[in-house]
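Next up is a structure, given as C-alpha cells.
As written, the chains take the letters A, B and C, and residue 1 is the first residue of each chain.
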Amino acid sequence: MKDRRERSFRAARAALPFATLALLFFVPEIAGGGSIVYSTCVTIAIFAVMAYGADAILSYLGEVSLGHTIFWAGGGYAAALLSTRLAWDGWLTALAAVVVGVSLAAILGLATLRTREFVFSLVTYAAAIVAFEIVFNWQFLGGSDGVVGIPLLTLTSPVGDFTGGSNEELWPVAYALLALSILFIHRFRRSRLGQEALMAQMNPDLAMGLGVNIQKVRLMVFVLSAVPTALAGWLYAFQRAYVGPDMFEAYFLVFMLTAIILPGRRVLFGPVLGTAIVIVQQTFFSIGGDGDKIILGTLLVLVLIVWPSGLIGAFRFALRRLHR
Amino acid sequence: MSSVLACDRLTVRYGGKTAVDRVTLDVPAGRMVGVIGANGAGKSTLINALAGWSRGRPEVEGEVVLGGEPVSGLSAYRRAHRGLLLVPEGKGIFGGLTVEENMALVRTPADTRDRHAFGEDEIFALFPRLRERLHHKGTALSGGERQMLAISCALRAAPRVLLLDEPSVGLAPRLVLELLKRMRQLVDLGLSILLVEQNVRAALSVVDDVYLLERGTVVAHGPAEEMREDKRVVEAYLGRSDIEIAEPGSPHP
Amino acid sequence: MILVQQFINGLVLGSGYALIALGWTVLLGAARLVNFAHGQLYMLGAFVAWFVMEQAGVPYFVSIPVSVLAVALLGAFMQASMTRLVMEQNLTSLMIVTLGFGYMLTGGAAILFGGAPQTLDSPLQGMAVRTGGVWFTLQDVLILACALVLFAAVWLVLNRTRIGAMVRAIAEDPKLAQLFGINAPLVYLGIFVFEAATVALAATLVAPRTPILTSMGFEEVILTFMIVVLGGIGSVGGSLAAGFGLGMFTAFFGTFVSPAYTTAAAFGFVLVLLSVRPKGLARR
C-alpha cells in the first residue's frame, strides 16, 4: 500500500515538469490576452530560449560564456539574410540558423578548447566584440544599418500553412520553441553528456580518472548550447522584422546571466522564470532604459553576493525552515 | 607555572562531522608540549583551530586563550600579530619568493615586551643553510630547507608560542631528530612550543608533556616520561619489544 | 615619412593601451582576480574628469586627481562588497559580479552624464609639435612619459619592496599569507583600488585624444585582455611591450590595410596564440 503510494507520488513528481510545461501554453490567455500580453509572452519565450543556451554552459559546465550573443545574432542574421535575399521559408531559415550557430560554436569551441575560467570567458567575450565589429563594418551583412524588411514567418506543412503576422499568431511557435528547449535541457541533464559535464565541473580529476574526455565534453556542450540560442535569434528576427548589430549588445549578455542566476543555477524552469521577471519589469515597471540597466546589473550583483543560490534556493531554504 | 596557550572544550566540525571534540589543552610557558595520535585523529585540525586558520570552512566552538587573553574571535593574521605562530603542515612558505623575501614578509611587532623576535643573526646561527640560500626562490629549496625557512619566518614574528604541524613530514629520519633537537634548544632558551607529530618516537624524545589524541578527543595526557610507559602509547605507537627510546643525540635506527 | 609618423602614432597608441592595461596586469597577474567592469571604470574616469571641468570649472590638471580619487573610492566599495567571493577565490562569480557592476555603471553614467558624446579638453592636446614632416601633441608626450614612469614604478614596487612581496605572496596563497601576519582582505582591497585608480588615470590621459561616450568601455576590456595575454599574464614588463606591440600593429594595420578590422585582426592572432598556449605568452 505504502509502496504504491510512494510509486504514484514519484510518478507525479516526474510528470510535474511536463504538466507545468503544458500549462505554460495558456499563460497569455490566462493573463487576459491582448496584444501587449502576447508580445510580452512571445518576447519572454524567445529570451528564455536564448538564456537556455547559456544555461547549459553556466549551470552544467561551470564556465561563463560571454560569447553567446554571437550565436544569438548568428541565428538572427541567418534568418534575416536568407529570408530577404533568397526568400527561404521558416523551416529552411531555422535549419540555416542552427547550422550557422553550430558552426560558429564549433570554431569558437575549438579555439577555446584548452582555456579555462577567466581566459575562456574573456576569449568568448572578445570574440563577441570582434564579431560585432565585423558585422558592423561588413556591408554584405547590412553593415551598421542591419537588415530591414524581413517577411512574415511562414511555415508550410502538410496540415496547412502557417503565417506569423502578429505576436498572437507567433505565440504557438514561440511556445513550441520554449517547450523544446526545456525538454532539451531536461534530457541533457539526464544524459551521459550532461552527467559528464557536471562531473568535469565538480571534480575534473575524478572525471578524468573515470575516463571522461573533458575537452570533448566541453566542446560538445558548447556546440549544443548554441542551438537554442541561435533558434531564439531566428525567431527574434521574425518578431522584430529587423536585425542589426545591436544583437551583440551587452544587454543580451547580462540578460542571459541574470535570467539564469536570479532564480538559481541548475534549475530546470529557472531561465524562464528569470526571463519572465526581468521582461515583466522592463515592460510594465520600467524606469527608463538606463534605469533598467541599473536594475539588471544590481540584480545580478545582489544575488551573487547576498544569496548565490537565487530565488529558488531561498524558497527551498524557507520551506526547510518551515518543515522543522 | 603560567600557561601561555590554552583551549577549553575546543570543538571543530567540518560540514556537520566532528573532527575535534571538546579538547582541553594547556601549553605552560617555556615548555614543549606534544600532540600525538594516528593519522586522522584530528591533530592538524586541532592545531589549525588554535591558530584560527584553515584551508576549508570549519565551525569552531570553545575558548582559545593566549597569554591570559581570549583570542577565539580573532582571525589568523591577528593571532599571528599577538604571537601565536603556526607553521602549517607541508607547504609553509611562498615558492615564488626568495628566502630573503619570505623572511621580510614577516614584520616584527613593535611591542615585544614579553616576547623575543629572532634577528637574522640568531636565525642563521640556528639554520646556517639559510644564509647560503638567501637569494634562492622557495621552489628551489629542499624539503628540510623549506621547513627551516618556515620556522625562521615564525621566529622573526616574536612568537609567544610556536605551533608546529608535522615538521617531520618529508624529511629523512636523521634530519627529523636534528630539527626537533634544535626546537628543544629554543624551548630551553625560553620559547614555548606545541608540536603535532606523527613520528611518536621522535616526538616523545624531546617534549615535556604529551596529549594522546584519538578520534578527535584526548584519551591520555601526562608528562612525557609517564606517557612513554603508557600502555596505549606503547601498544599503538612504540611496539612492545621496543620500549627503549632513542636518546635525542643518538642516530636513529 | 609616413612610416616615421605611423611609428610615432603606434608609440603613443601603445603607451595609452599599456596604461589602460596596467591595473589589470597587477590585478590578474599578481592577485589572480578579474574585473570586467574595467572598461566602465575607464569610461567613468574620463567622465568624472569631464564633469568636474564642466560643472566646477576646474582646470584639466586638477580634474585628474579628482577623477582618480573618485574611481578609486568606487573600486574600494566594489571590492569591499566582494570580499567573501575574493577570499573563496570564486572566479566564476567574481566575473559575473563585476560584469553586473559594469552594467550598473553604464546605466548610471548615462543618467548622470547624458547620452551625448563629449570631449575631455586637455590644454596639451592643442599644442602640437611639427618637425620634419611628422607631428605629435604634447598630450602624446605626456601619455608616453606617464606610461614609462608608471610601469617602472610598478615593476620596482612589485619586485623590490615588502609590499610587492606581499602582493606576490597573496597571489600564490592567500591563506598561507595570513599565517605570516598579512591581512589578506586588506591587500586585496589595496590591489583593487590601485587597479581602479590607474585605469582612471589612464582615462584622463588617453581620453582627450577621442570623443567620450558613456557606452564605451568594452573595447578597452578587450584591448586590456589582449595585452595581458600577449605580455604573459601578470608580467609587468611584458604588458608594456605588448602594449607597444599592439599600438604599432594598430597604427600600421590601420593605415595600410583596414582601420575597421584592426581589433579583429589582432584578436585573431591572440586566438591562434591561445589555442597553442592557453596560458598566454608566459615566461615558461
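Criterion: a residue touches a chain if its C-beta (ideal position, glycine included) is under 8 Å from a C-beta of that chain, and two chains touch if they have at least 3 such contacts.
As the structure is a prediction and not an experimental result, all values here were calculated from the model.
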Other chains in touch with both chain A and chain C: none
Label of the chain whose CA centroid is most distant from the centroid of chain A: B
Per-chain Cα centre nearest the global Cα centre, belonging to chain: C
Centre-to-centre distance between chain C and chain A (centres being mean Cα positions), rounded to whole Å: 33
Mean-CA-position distance for chain C and chain B (Å): 45
Chain A-chain B separation of Cα centroids, rounded to whole Å: 54
Multi-chain contact residues (two or more partners), chain B: none
Multi-chain contact sites of chain A, meaning residues that touch two or more partners: none
Chain B to chain C touching residues, read off their complex: 51, 53-55, 75-77, 80-81, 85-88, 91-97, 101, 104-107, 153-154, 157
Chain A partner contacts - residues on chain C that touch it in the complex: 28, 34, 36, 81-82, 84-85, 91-93, 95-97, 99-108, 110-111, 218-219, 221-222, 225-226, 229, 260-261, 263-264, 267-268, 270-272, 274-275, 278-280
Touch list for chain A against partner chain C, complex: 62-64, 66, 110-119, 121-123, 125-127, 129-130, 133-134, 137, 250, 253-254, 257-258, 261, 288-294, 296-301, 304-305, 308
In the complex, chain C residues that touch chain B: 162, 165-166, 168-169, 171-173, 175-184
